[in-house]
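Please see the structure below; I have some questions.
Going in written order, the chains are labelled A, B and C, and every chain counts its residues from 1.
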Amino acid sequence: MSENVLEVKNLIVHYETQDGVAEAVNDVSFSLKAGETMGLVGETGAGKTTVALSIMGLLPKPAGHIIGGEILLDGKNIVETSRNKIKQRRNDRMMRKLRGNDISMIFQDPMSALNPVMPVGEQIAEVIRLHNKISKADAVKRAIEMMELVGISGERYSYYPHEFSGGMKQRIVIAMALACNPRVLIADEPTTALDVTIQAQVLDLMRGLKKKFNTALLMITHDLGVVAEICDKCAVVYAGQIVEYGSIEHIFNNPQHPYTKALFNAVPSLDKDVDRLESISGLMSDPMDLPTHCTFKERCTACCDACGEIDPPLTEIEPGHLVRCYHFMKETDKAAAVAGKGGGVAK
Amino acid sequence: MAKLYTPAMAKIDKKKAKLKGRVRKSSPGREAWKRLIRNKLAVAGMIILVILILVAVFANFIAPDGIDNQVLKNRLQPPSAAHIMGTDQFGRDIFSRIVYGTRISLPIGFVCTVLAFAFGGILGSVAAYNGGKVDNVIMRIMDIFQSIPPLLMAIGIAASLGNGVLNLVLAISLSTTPARSRVIRAAILTVKRNDYIESARAIGASSRRQLLRYMLPNALGPIMTAFTFSVATAILTVSSMAYIGLGIVPPTPEWGSMLSSSKELLRQAPYTLYFPGIMIMITVLALNLFGDGLRDALDPRLK
Amino acid sequence: MSEILQVKNLKKYYSVPSGTLHAVDDVSFTMNYGETLGIVGESGCGKSTLGKTLLRLIQPTSGEVIFEGQDITNVDQKGFTALRPKMQMIFQDPMSSLNPRFSISQQIAEPLKIYKVYKDKEQLNKRVLELMDTVGLARRYVETYPHELDGGRRQRIGIARALALNPKLIVCDEPVSALDVLIQAQILNLLQDLQKEHGLSYMFITHNLSVVKHISDNICVMYLGQVIEQCRTKELFTHTYHPYTKALLSAIPVPSLKDKRERVLLKGELTSPINPKNACRFAPRCLYAREQCHNSAPELVDLGNNHKCACHFVKEINGL
């Protein structure tokens, strides 16, 4: 069995602001092997980006805090939950070394990731020189190689970002992210700002590069179509929790959680003709004011009394396919939860 | 898994419990106010300003003496119980003159700024709304006037019109109009780019309505901030001009002119300079603190 | 008379430093009462400009727009004020298209106030609440402000405001692009319900082919300012003729693992139509491009079944 490159265990992230505490991520766990791609799917505000930023050590300060859990990169924990300033600083220093070298991130807006007054080639070379002790000439050579790899002619080494179109800029950002051959690449909605034909090109490129570099890829998106294109497994996130987790065959061929089903039904299909889209009412709960127990119960069509009384755990319904829903809990767990109610639950 | 309960959440819960039952309704203005009163420095500035305004309103109750009550035998007395800020070379109570001074500096600073923003506002918003040639013509003329330092222009205008409060106000407001028109033009241009202006056109709003109901209210943030800073500048200008003997003339207790008339006494009776100087400083500082707070409160992106 | 809108040879050119930008170039189509016309294309293809030109938020360079039998191209601004209530618009970004200083009731009342529909304030308020019910906004939000609401609710405000004056035609400019899928489905359903109820005609501008397939009766596919394919929706999805439309269709990521379509990857990216040559504008990216494509511009030709396509080799490519 190959080793997990990235492992997230029981991650809990809160944003503490003057208006309240937003429980952005509540107990998220997943793992990624080398060369594997996982999709993190959910609506705006589900906590997808917060998971990514936690892994990168880039949570917005001073509001964002990792309250609990572990993030293991090659088996080594990179999270500092203590509020001790010295420990925090030490962790920050370590993360600076890791970022760009071992873990990289691609953002939705390529413009924000590029320095507008520096030629793109130099920006790639700089990243390489920052993490490797190589001569400038070698770094330039490597940067040109990277550009060619993402389909941009090396002759455009000294062009500035504004001379490229959106899709091209995203290619450069990808080249930059992969320049140091990171173990983990996090892509946060990398194609959302692009047109469909360009999106297809970029996805195609990412698929090829992932294979070539054997990078573990965490793909954050709201588009189930993108997941089907590029991912091996998929986690559906709702209100900061993973509600369904499994291989894409599990999720796409046999979705079980009511929320996952709702997501599939809400997308207008190209193949089928439907008069009306099925949509569930309501909105995702405000992370400042999450309902207790099942967070989806208010919008759920299968909601029953027990949903308001029991915290459903992620339950394995077939090997590798986990669902967080009362209706899929094992009878023994249900009984245990009912028995434990009143005394065992903290709030 | 049980829900995690952190100390920070407990604190917030307490706050929530306290607010429970109150109706929460928050317009953008109300939210800005909330942010403003959270800013300690801005609140300090605001309190000082309120005190200054109260002093101006109730000057005749606060001041123990008149503004020009010359008692020559009491000349140049240092601060004492009878004259808490001492007396000047004519034996006038400095404290009383300072108190009455608020009735000069604050209103003149305010009126000058209002006028400058009115003139500048009309020019700037017409230029910004119409754009193109109109914008070009108006703004190039403003550029020409802006190439003259405002203080110099004010001195020039005041000198040609002669002394007097009205002339002073005209001089200061006219000399600062070009700069204010730029502020307002920039603010409106920023707002004009928003989709809601186009959507106002789509529902048939007239130009006047677009300008008055959509552009100006949304441009108000930067305009109000600039306004506060401008009042401070205007007060300084009034004092500077009074110091060189223009605009307001003795025996009017304007702080700048008080400074001017006691400049020879620096060694002999320094307190005659301290108090008017400190008052100018405090007023301008309070306005600037308040202005800074206002800017942060009205533009949450800066946080 | 079944046409609510006829557009003939509409053009909008901008002069830019490097020449003339043909944002909308010779676009013609008709729209029927109670139907939805979908305008599809990638960013920069001129679809938004087209919508805004119809509503005269942008002045067209030339061409005719005939609304309910009346040529409105040369109507002056005053005359257009009288027409506006019949033609309304829904914008893409509901946050930036709502005045942040207006409460919800003010937003919805605004068009009614501008057109002085009600003299009585009570009637006005009643109508505002009615409109909120129509678009499914709970009445408790009446005094809230846009920044306190989520994207879906904000878009409902935009719809309520567009409906306030009982329009006949609504131009929807990417109304669901900024929304999450579940909210997108709610809004699409709402738009369909309103269409049935009020007999509205929509011009639905979007880059999303699956959405346009769901909601439209007719579709125009645009590329660099021109319509390159135009027909009934069903027809387009059963017989896709133009190489660009084919590529566009195949590029959509489908949320399914079954029957994967064969992918046609296009080379290059959309350019801007500045000083276009007399050539097919798609030719530089087209897989089938030949010399003729670079030397002459194809006409929009009816291939039968009211299916129009602008491609020199459409018959050859599709084996017609």
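One rule holds for everything that comes next: contacts are C-beta pairs under 8 Å (C-beta built on N, C-alpha and C of every residue); 3 or more make two chains touch, one makes a residue touch a chain.
Note that the structure is a prediction, hence the values are computed from the model and not measured.
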* Structure fact -> Strictly by count of touching C-beta pairs, the top pair is A-C
* Structure fact -> At the largest C-alpha centroid distance from chain C we find chain B
* To do: Please work out the Cα centroid separation of chain B and chain C, and write it as a whole number of Å.
  => 49
* Structure fact -> Per the C-alpha centroid definition, the whole-Å distance linking chain A and chain C comes out as 33
* Structure fact -> Touching chain C in the complex, chain A uses residues 43-44, 165-168, 195-201, 203-204, 222-229, 248-249, 252-253, 262-271, 274, 276-281, 283
* Structure fact -> Within their complex, chain C touches chain A through residues 42-43, 150-152, 180-186, 188-189, 192, 207, 209-211, 213-215, 237, 247-257, 259, 263, 265-266, 269-270
* Which positions of chain B touch chain C when the two form their complex? -> 25-29, 194-196, 198-206, 209, 213-214, 217-218
* Which of the residues in chain C come into contact with chain B in the complex? -> 52, 55, 57, 81, 84-85, 88-89, 91-93, 96-101, 103, 110-111, 114-115, 143-145, 147-148, 158, 161-162, 164-165
